[in-house]
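These are the structures in question, set out in turn.
In the two complexes that follow, chain A is the common piece, with chain B as its partner first and chain C second.
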Partner chain A sequence: DSHIQYERVGADVTMKCGSMDWDAAVTWTANGTDIDESHLNGSYLILKNVNLSQSGQYSCYEGSSWHLKYQTNLRVGMPPKEPVLMCRSNNYPKGFYCSWHLPTPTYIPNSFNISVIHGTKDMVCEKDAIPKNRCHIRYIQLFSTVKYKVTLTVTNALGKNFTTLTFDEFAIVKPDPPESVVAKPVPNNPRRLEVSWQNPSSWPDPESFPLKFFLRYRPLILDQWQHVELSDGTSHTITDAYAGKEYIIQVAAKDSDIGTWSDWSVAVHATPWTEEPKHLTTEAQITETTSASTSSFMAPPTTKICDKGAMVGSGAMAVCWTAGLVVAAYSVLFI
Partner chain B sequence: MAAADSPSAALRRDLCSRGIRLAGKMRADVVDLLDAYVEQQGLDASASVAAVEGVPLAAVERWDEQTGTQRLLENLVAYRAFRALLAQMLEEQREQLGEADAGLGRALAAVLLQVSAFVYHLEELLRLESRGIPGEEGDGPPPPPRLSLFEQKLRGLGVLRELAQWAVRSVRDLRQLAKPSPATGAAPGLAESP
Partner chain C sequence: GDSWGIFTFLCAALCNLPALPALNCSEELGAGQSIQQTYDLTRYLEHQLRTLAGTYLNYLGPPFNEPDFNPPRLARAERVPSATVDLDLWRGLTDNARLAANYRAYSRLLCYLRVLDGQVGTAELRHRLAHFCASLQGLVLSIGGVMSSLGYPLPAGPAAPPAGPPGVPAAPNDFLKKMDDFWLLKELQTWLWRSAKDFNRLKKKVPPAVVTLRLEARGF
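Presenting the complex of A and B:
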């Protein structure tokens, strides 16, 4: 008969070959591979200080006939540590959800049981299909001062553990971050950025339960954030941006009256409007066409043909070496 | 939105926004008062206080299904009760501590004033809807037996906690009231008979 056997990491495991006598001649295999006789005590298989890699299928065969006498699926694992539980209402006033996880894996199957008590009333937390470790509750009462008590128990074949959370209705209200954050430059305004966003779609009734917002922004090159709190509206114009610098901008939301701030939204980047430098555009175009086609040393009159670093001499007689070359070349031509 | 806002609809909206601001300020002050109260009375802030007789509970089922009239009436009954409870707390405070806790007494008196103002505000809103304002039932329930000092403190904690809850609920109630109804431009629920 095949069955599952759960053992703790570090335990000593003794496996009997079904109903075979201790002194019967048997062969044990682990996942099809013969196990050395040194692990046997008579017909018993002894595994000392088992570790995770020793999980697998163990089979015992009668010596001569090679009949399968016993089979077990050994699963090495651990009893659960205290689970981590979190409850939050991101859809107030509809309800709240609780989600949980284990701080370290157990390597064997676990089952979770959650109980929610409001005062003396038991409430049912409906498990979500996805994600697995989550359940949700609809509020029956609103504005209650009576606390909610949520107990999560996790059980597996090697033990159980639990944790309890107690909170009141207002404390767990935390919206999802604002959505669709957009930041745009404002034409002809080198110090402005227009930011707009939307209420998180999970917030069911922003009209009756309005959100307030917190905007933070900084140029990429600086570490210090600027903050603006907005009691309503889903847009804001930044008016003190540094000209020409790229900004990073985020928004958070909170119910106007209760609960805590959401996480920050996805960050958006934007650079304020800058004026196109017109003269540089024209010169650059001319330089490109001229240098491609001409073989003479004649430089176009408007182009700056040397920079400060290439100057030779000083005062009125300062001449850049490129200009000097041009003059020298012409001199040669006219000799 | 209706093409032309009727004067009464505009007045209702105005009363609602002022009421929301009043309730918001009241809540902030009650929360501060709660902190001071807990500290000065030597109480544990996380202590569970059983529902005390005579303290109106803010907890409500099917809140979203309430009519506008229901909201106003429940608020009115609650704040009238708080007005009496706070007055009683103020008197007990003065008896207990005299001058030692003038700050707490002043804060209590300030909140009592705001509660009275809110009662008046609610009566205005009801009058606007041509709703009869229910008379106050004499002194309400008979005065409770004299409580021990500790029992008084716990009851005070319960009163303030429930009042803070009510202040939040009132803001939500007034926002619901202020919503224009699609057909008539009147706030939803107020046109319906109870």
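Presenting the complex of A and C:
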């Protein structure tokens, strides 16, 4: 008959060949491969300081008849370390969810048990189908002064471990990031970008539980972010963008009174509106373009250099671009 | 015995709030703006309470000032009005009921805080408590103002000391007294969070249009 045997990494394992006597002649195989007699002590198989690679099916056959006398599935693993537990309310005031994981794998099956106590009451945390290591609870009462205590116990064949979280209802409120963030240039406005977004769809009641938002943006070429906090509304116009520069923009959300900020939304990229470059064929037209560009915020020399370069050829164009970037970076420092 | 009598007397004396002055200006400002102001006041008080509670719990000493302190609620603590409410019930509250619950709660909490003020040892605490009580009084008046401007009657003030059922005596020992103080501060904190949500809901449901109508009516 066959069964599963769990052993700790580093342990010494002795396998007996079922009911056979110690001095019986037997052959052991591991996953079908014969095991050398040096590992035997009589009919017992001795595995010292087992490691993960030694997991597998071990079979014991009677010497002469080659009858299968014993079979076991050896699984080498570890007892669980203290699990990592996190609870969060991204759908306040509906309820909250808890999710967990093990910091290191055990290599053998584990079972999890979660308990939630609110004051003296036991609450049931309903396990989610997907993802597996998650359960959710619905609030029955709101504005509670009593803390919630969540205990997660993880058990496997080699041991158990647990962790506890105690928190107030308001402390775990953290919305999901805003959705559908869109950034668009504003026609005829070279320094503006219009950003709009939506409340996260998991937030059930933005009317009674309004969110406030945090917007951050920077041109790709710079490392420092600029920040704007918005107490309401789901749109904002950036009015100090550097003309012609591609921007990266993100938004975060928070309940206006309690809890913590959400993670940053997916980043969107946008470049402010720039005037269409006109075709240059004569010197006269260069002068026209130059004087037209001086009215924009960017340093005119950039445009001038490039226009002249366009006349000469692609080689000069490369020089022009480099020169343009250098001047741009330089002028950015002065803004 | 004696302490119970003193407590009753103190509460009766301190809880006879003066009649609300006629708040004509609130009608002109508009219920909408008063609600915003009341909302802002709750946020301000919540911020103030954080400092006050920290100082007070340190004054009470361990275990009250430990962050994990999570005692069970004793029956005696039910005297302090609780902000905890069934979710669906809270959602379904009428504007009047919502405002009245806030008004009643803060009136009683103010009363308890004033008693506390008379008992604390250090000058710093007395100063902080006095300042907080003044702000809390302002909140009660502000809520009253909103109710008046919306035409709702004010709930009857705590004429009798809010001591709860006669069977509940004053704290018989020092530790239980400290527990009472702990729960008072906790409930106050929770009420301030709840009020922010209550006033958010009211903000959406009482548009400035209500005020415009009233002003026009007065013009006739």
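To be clear about the criterion, the second predicted complex is superposed on the first by the 279 of 335 C-alpha atoms of A that agree within 3 Å, B and C clash if a C-alpha of one lies under 4 Å from a C-alpha of the other, contacts with A are read in each partner's own complex, and residues count from 1 in each chain.
Here, contacts are C-beta pairs under 8 Å (C-beta built on N, C-alpha and C of every residue); 3 or more make two chains touch, one makes a residue touch a chain.
These numbers come from a predicted model, not from an experiment.
Novice: Given the superposition on chain A, are chain B and chain C in a clash or a fit?
Specialist: Aligned on chain A, chain B and chain C clash with each other.
Novice: Can A:170 be said to touch chain B (first), chain C (second), both, or neither?
Specialist: So A:170 meets both chain B and chain C here.
Novice: Applying the touch criterion given at the start, work out whether A:93 contacts chain B, chain C, both or neither, answering first, second, both or neither.
Specialist: Both chain B and chain C are touched by A:93.
Novice: Looking at chain A, does chain B or chain C touch a larger number of its residues?
Specialist: C
Novice: Answer with first, second, both or neither: which of chain B and chain C does A:120 touch in the superposed model?
Specialist: A:120: touches chain C, not chain B.
Novice: Once the structures are superposed on A, label A:142 by its partner contacts, choosing first (chain B), second (chain C), both or neither.
Specialist: After superposition on chain A, A:142 lies in contact with both partners, chain B and chain C.
Novice: Kindly classify A:209 by the partners it touches after superposition: chain B alone (first), chain C alone (second), both, or neither?
Specialist: After superposing on A, A:209 lies in contact with both chain B and chain C.
Novice: Take the contacts of chain A with chain B and those with chain C, and give the residues found in both.
Specialist: 93, 140-147, 170, 207-210, 257-258
Novice: Touching residues of chain A toward chain B in the complex: what are they?
Specialist: Touching chain B from chain A are residues 93, 140-147, 170, 207-210, 257-258.
Novice: Could you please specify the touching residues of chain C with respect to chain A in the complex?
Specialist: Residues 43, 68, 70, 72-73, 82-87, 90-91, 183, 186-187, 189-191, 193-194, 196-197, 200-201, 204.
Novice: What residues of chain A sit close enough to touch chain C in their complex?
Specialist: Interface residues on chain A, with respect to chain C: 93, 119-120, 139-147, 149, 166, 170, 207-210, 256-258.
Novice: Please give the residue numbers of chain B that touch chain A in the complex, ascending.
Specialist: Touch list, chain B to chain A: 24, 27, 48, 57-61, 63-64, 161-162, 165-166, 168-169, 171-172, 175-176, 179.
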